[in-house]
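Each of the next two complexes has chain A plus one other chain: chain B in the first, chain C in the second.
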Partner chain A sequence: MSRQLISANHAAAEAATMAARANKNARGFASGIYPITPQTECIEYLAKQEIEKGAVVRVESEHSAMGVCIGAALSGARTFTASASNGLSYMVENIATAGFYRLPILMYAVNRTLGPPWNIWVDHGDTFQLRDAGWMHVYCEDNQEVMDSILFAYRVMEDARIMLPMMVCADAFVLSHTMMMTDMPTQEQVDAYLPDLNLPHAVASEPVTVGGLDFPRETEVHRRQHQEAFDRVPEVYAEAQAEFEKVFGRKIPDRVVPYQMDDAEIAIVCIGTFASTVKPVVDKLRKQGIKAGLVRLRMLRPFPEQEMVEILSGVERIGVMDRDISLGMGGVLWSETRGCAPHAIMQNYMIGLGGGDVRAGHIETIFTELLEQKESGKPRIVEVG
Partner chain B sequence: MTANEPVMAGLPHSEQDRSDPVLRAGNTNCGGCGMSNGHLFMSRAAGNDYQIQMVIPACCGIVTPGQFPYSNYGVPVVASTFGGAAAVACGLSEVANQNDDGYRVVVWAGDGGTYDIGFATMSASAERNDDIMYVCYDNEIYGNTGGQRSSATPKGASTTTTPKGKDVGKKDIMGILGAHGIPYATTISLAHPEDAIRKFKKALGMKGFRFVHILAPCPTGWKSEPGEGIEIVRLGVKAGLFPIFEIEDGFKYTINVEPEMCDESLGDYLSKQGRFRKSGVTVADLRESIDRYWRRLRLLSRDE
Partner chain C sequence: MEIRIHGRGGQGGVTGAKILALIYARLGKDVQTFGDYSGERSGAPVRAYTRVSDEPITNRNKVYHPDHLLVFDDSLLGPAVLSGVPKGGHILLNTTMSLSDLPPEYADFNVGLINATEIARKHGIGTKSLVIVNTTIAGAYCKLVGLEFSELDAAYNDIGFASNLDSAREAFETVEICETSTPHQHAPEDDLSAAQLPMVMELVAHVTSPATGLKTGTWSSQRPAYVEKLAPCSAFCPAGNDAIGFVQAMAANGGGAAEGAEILGRSTPLSAVCGRVCPAPCMQGCNRAEKEGTVNIRGLERWIAEQNPVAVRKVERVAEPKRLAIIGGGPAGLSAAYELAKAGHDAHIFDTEAKLGGVLRTGIPEYRLPRVALDREVDDVLALGVTAHCNEPIDAGRMSELASDFDGVIIAAGLQKLRSLGLPGEDSDAVEQGIRFLHRITMGGGATVSGHVVILGGGNTAMDCARSAYRAGAEKVTVAYRRTHAEMPAIREEIHEAEAEGVEMLMLRAPKGYVVADGKLTGIELEIQELGEPDESGRRSPKGTGQTETLDCDCVLLALGQSIDASIFPDGWEMSDDHHVKTANGAVVFGAGDISTWEGTVTHAIGSGRRAAGLALNALGVDYETFVRPERLTAVPATAIRMDHFSKRDMNADQMAHPSPLAGDYSEVNSGMADATEADRCFSCGKCTSCDNCLVYCPEGIIARQTEYGYAVDNDYCKGCGICVEECPRDSMEMYQL
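After this line comes the complex of A and B, so read on.
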């Protein structure tokens, strides 16, 4: 194993390449690629790779990038694509198709503000709009997690009990363009970790129609089966974690990542790289005798409700930090988390919208205000300027 | 289906046909649907020589197979999003080719999925020279949604969104595909089975992007007699309205059926279809643009 100074974009492409090579004894690999800031370096890196039994198709739109993945996946190949922001919006129809077809397609999504007006910085609204598309969602905190999560995702997605697509999300620039020392897996390790993909509903010569007509009674059954696959994720996730540690010697974080939560009375809930900003503030408050903690939600779908309820059960005050806004409602993370801790005073802070620079000082203010708050308030936008 | 059962005028099902036809009996197509004939031609051309995988975007053709889990197609079919057929087909063909499966991947799309919403996707696929055969069964309307205008609707045709008749003509899809320099682009007349089957065989046997354009009568949208669809196509070909030609590598033009360019046929073509009644479009209105198209076609197909 070697260590490399590498950006999340390159880490993602490197992981995808190794996963592609690992399927050479099965149906191989194919990917449709299209550029969009801030993931472009990922697909550029992929386009440079020589992959035995692999096709990287340079398409004309995000819609077609996912289209190529859908066709290739239905032919039994391992697939990958990357996108962000408006690219994801343009791709939505085929993203939902990949979900409903139960295809284990991997998407590296770099979270970027939806335009117009055009803004290339981090905001989670782009992948949150895909919350209900039938995909698993994972949000990463550093580049190692991006690389590992992609390999891990193939293992989970392609399990016969699951067969669902997954998006592995990374914050724009904070991760996508930031170089970090990263443990690089070897091809042998990846080969050992990822079994050959065997898609049970692959199209070959059998005259079946994939996606013809459903009447309501068929749709009811299809949705139930889709949901049941999501219900099996926790079990498969845990198995894939254990196997990952065995092969690579590193841990894959749990679906919810608690920090100093054992006896926490006040806590922040957030996703992605916010966690790295919050941790030192928690440490500082702990030194002052305040029982502060942090909950990073790593997996948005399937939503780890049970874990969230357990971790938040003894917490009196909860601040939910959203880098997104569901206009007319509030933060998405807040509205998802609300039901997990009805006992607590919970306040939603929509902070760093459009990529505003959220610093330790902002987090300290949140903690201070939250400590004095008497009851849950309405969601609030915090402008960081 | 038993041997020698007549499945289309003068062409009985025989030993040389696929044992499982592309379009099976019991499908939901309307009587007189031109798409059905297109499938029968392709079925005969493929015989048992080619394993077909079909991608069908939103259109009547994806209603044809019927309700899940049944299928009235004798080949595997993937339903794609309306604008996504060529990209999905690209994925299937890349993987089939890298595994030496020998599958021939076919897109079967209507004019909406080809001329309109799927246009960019198809153009990109043609530019990449993906190994797919793209068949457009062109009924000149959005048939599946009840007959709205598309950019393939001809001038003067009434649709639910052009009730007084469309005021502009249709896109020159063959010119556009020819300009991509693809290995093969051809029009097919349902009234000329021998020429049609020869072309399907040729296209199925080739590599790279092949485009097949079928004028497909839709009795419901055209307000025509279901039994007269083939005759209407014959009249269109005779009149020069629907030229039957092929383009190889974007430059080698060959005219396959010589039209009579007769006004009488054109008049009958119009009068047999209720869709042209309201606008009152006449033979004289169309003749000039037909002649102009043919002057260009003659130049392009000139033997040098």
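After this line comes the complex of A and C, so read on.
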């Protein structure tokens, strides 16, 4: 294992390449790719790799990129693609198809603001629009987590009990283009961690129609099965965590990542790289005697409701930081979290929309206001420029 | 510790930040580095950041209070760039400024100044459109902040930048540093309240607002310019012809043969001649050779000459013309006379033969150069007012008279002394100098030979003798040469033509003696050679093996080379450097052609004649721009041509028809090209053809055609990205620094 100064984009591509090579004794690897800022560096890097029994297919659109992955996955290959923002919007039909086909496809999604007007910076609205497409979602905090989560995702997705696609999400530029020192796994480690993919419903030599027509009764059952697969994720996730630590010597974070929450009375709930900015503020407030804490939601789907309820049970004041807006409602993270702490004063802050640089000073202001708040208010947009 | 870099898109600022991060990572620090990206392209202001810490870094914000500030382009300098740097911090500027130019507001900072753009350009870092300065600036940075150069050295070797180390070292050693006595301070807290934020238009207005009025050209640190560079064909022409000029005149959008003839006429009176017998150095230089084959430039010169049978050239005599005598009416003499006549002076050519032309007439057979073509061009020269004195052999006495009768003399007499072997039997009737043999054919009403003819030598005279021998009746012709094909001085095409006509090439054979029986030549004894070390001409020299063979033959023609016949020089006269001839009494005398240069081709003779004429005028006090042969190395190289722009298309070669049988048939073998479409193959190296490529590729759409010629760049919006220059197929654009 070596340490390298690389961007999250390259870390993702490096992880995908190693996962691809690890399936060479099974049906190999295929990836349909189409560029979009801020993930382009990732697929450029992937396209340059020599992958035995692997194909990186350059196509004319995001829709086709996912189409390549669907076809390849149906034949039993390990797959990977990457996209962002309106590229994901264009891909949606096939994203839902991949979800409902129960194909373990991995997407590295770099969170970028939806346009128009065009904006290339971070906002989580692009992957949140895919919340209900039958995919697992995880959101990362640093480069190492991006790399590890991709390897981890294959292990979870391809488990016979799961067979679901997963999005590994990273904040535009704050992660995608930022270079950090990253522990690079070896191919031997990845080979040991990832078993050969054995898709139970892989298409063999006989031609078949995949999908076909479902009548209401059949859909009822298929949806129930799909939900049951999601219900098995916590168990498989925990096993894959343990195995990851055994092979790589590093931990995969839990689905919910608490910080200073054991006795917290006031807490921020957020996803992604916001957590890194909040932590020093929590430390500062603790020194002032305020029992502050932080909850980072790493996995959006399946939603870890039980963990969230437990962690937030003793918290009196909760600020939910959303870098997204469900127009006509408020922050998506807030609406997801509301039911987990009905006892608390909960305030939604939609902050850093469109990629504004949210700094410690902004977080301190949020904590200060929240401490004085008498009851839950309507969702608020905080402008940071 | 935090570092902020300000640069422009394309300068390598983001990689620069990474380089600094890698240097610190090697020292065991945790590092983080990222660019502050936006939607703009090359030339736009760009920021990049590096954080360095002994602890794991969790801060993901941009850098607002950099301890070290690096500015890659000093045209960016302003309050926004310098903001946030705490007093006592370090600032490194890439600039042409020196410390004495530094404004007082820098007094609280440790400042380093380096002209990294100049250094990086000198070391060739970047492309022709963009100098990449990051690796060089890093050298100055190390010096400024007290890092050892060895750290940079090691980091560059790790990341494959070792080739940039020399440039970085120069920056490390030459950066100007001014340290401040102000201690390092903490920056004050920033006001983050929303009241500080700029106003924004309503969404609907934002969506429908007209295009930005932002003059993005102000971001630019460099701009494109249209330039004309020397094309290799022109650079390689010893006569100084504007080769690319006449070829482009024949291209689809050119001015046609009349314009081509006008361009050729500026430098040469002998297009029809050179279009046939020139070794065409222009084609050796042609960059198209790197694609699928050179442009047939010689063929185009001939085409132009043939489309313009009557050259109407008018000259005006100057008020007080100089009178010059030119000894010899060969190509050098004709060229010198042409140059003088065009300049308005009087030229008198003295020649031994009945008509002018020299070796073109006496040495080159009709099947290569029909007399009608030669006569026409000689007549054209005479039509300018040049006086011919034919049938006038010149000896040393007559030369002295001419030197006093005329203002000056140009000796273009050629190499009249013929080399022979000096072996017994050479006086046989069956052994003849090749030059004499050719003279008999061209001037003496014909010559006949029979049986097996052996030619000794490997130059153009040898080839002419060989091919002429078949036409004069030989049954078999053999060329015996002491080196190999590769070393033969003859024009390549002539060798191929001779072989095509059945001439046998016997290589590595040197003559040892004639075989004579009963007073009659029956053969020649040849010693087999092998090649040894290169001689001063660069060609490998032959060495005898001691092994000999006898070649039966009926006739031997000697083509062993020529030298100066010194008997024409009066006492005290002596050839000197660069066409000068030293005389006893200070008379103005110059040499021209082979007698001065020994270069042996028509095109060299033309250039030499031009130069000698100019030097003579200068020596006579005339203000005249004397021809200087172009410097080949300054020509546009093939690597500067965008080959992919051009479709593959084979050369339109000359049409060849060898008579059969050859005996008695002196008709011209080469009938030239069927048309002049060959000109469209010309890359036009270094010369804009208005191809629109720059206009099409400009990402800003700010290059426009001009009514008259060429293009205009709207500098209000040119960001200096250099794409037009990169995409120019023919290297006729350049970037210049603002």
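The rule is short, and it goes like this: the second predicted complex is superposed on the first by the 382 of 385 C-alpha atoms of A that agree within 3 Å, B and C clash if a C-alpha of one lies under 4 Å from a C-alpha of the other, contacts with A are read in each partner's own complex, and residues count from 1 in each chain.
By our rule, a contact is a pair of C-beta atoms (placed from the backbone, for glycine too) under 8 Å apart; a residue touches a chain by one contact, two chains touch by 3 or more.
Since the structure is predicted, the reported quantities are computational estimates derived from the model, not experimental observations.
Peer 1: Determine, for the superposed arrangement built on chain A, whether chain B and chain C clash or fit.
Peer 2: Overlaying the two structures gives chain B and chain C room side by side.
Peer 1: One more residue to check, A:181. First (chain B), second (chain C), both or neither?
Peer 2: A:181 sits against chain C, while chain B stays out of touch.
Peer 1: What angle, in steps of 10 degrees, lies at chain A between chain B and chain C when each chain is taken as its C-alpha centre?
Peer 2: 70
Peer 1: Under the stated touch criterion, which partner chain does A:116 make contact with: chain B (first), chain C (second), both, or neither?
Peer 2: In the superposed model, A:116 contacts chain C only, not chain B.
Peer 1: Quick one: classify A:64 as touching chain B (first), chain C (second), both or neither.
Peer 2: In the superposed model, A:64 contacts chain B only, not chain C.
Peer 1: A:54 in the overlay: touching chain B, chain C, both, or neither? Say first, second, both or neither.
Peer 2: It touches chain B, and chain C stays clear.
Peer 1: What's your read, chain B or chain C touching more residues of chain A?
Peer 2: Comparing touch counts on chain A for chain B and chain C gives B.
Peer 1: Using the touch definition from the top, say if A:341 reaches chain B (first), chain C (second), both or neither.
Peer 2: Neither: A:341 stays clear of chain B and chain C.
Peer 1: With both complexes superposed on chain A, which partner does A:279 reach: first (chain B), second (chain C), both or neither?
Peer 2: second
Peer 1: Compute the least Cα distance separating chain B from chain C in the superposition and give it as a whole number of Å.
Peer 2: Superposition on chain A places chain B and chain C at a least C-alpha distance of 19 Å.
Peer 1: Please name which positions on chain A make contact with chain B in the complex.
Peer 2: Touching chain B from chain A are residues 27-28, 30, 32, 53-55, 57-61, 63-77, 79, 93-94, 97, 203-215, 218.
Peer 1: Which of the residues in chain B end up touching chain A in this complex?
Peer 2: Against chain A, the touching part of chain B is residues 20, 51, 53, 55, 62-63, 65-69, 71, 73-81, 83-84, 86-96, 98-99, 101, 103, 120-121, 123-124, 128.
Peer 1: Mind listing the chain C positions that touch chain A in their complex?
Peer 2: Within the complex, chain C touches chain A at residues 18, 21-22, 25, 30-35, 37-39, 57-62, 189-190, 192, 194, 196-198, 206-207.
Peer 1: Report the residues of chain A in contact with chain C in the complex, numbered from low to high.
Peer 2: Of all residues in chain A, those touching chain C are 5, 37-38, 116-118, 120, 173-174, 177-181, 273, 276-277, 279-280, 357-362, 365, 382-385.
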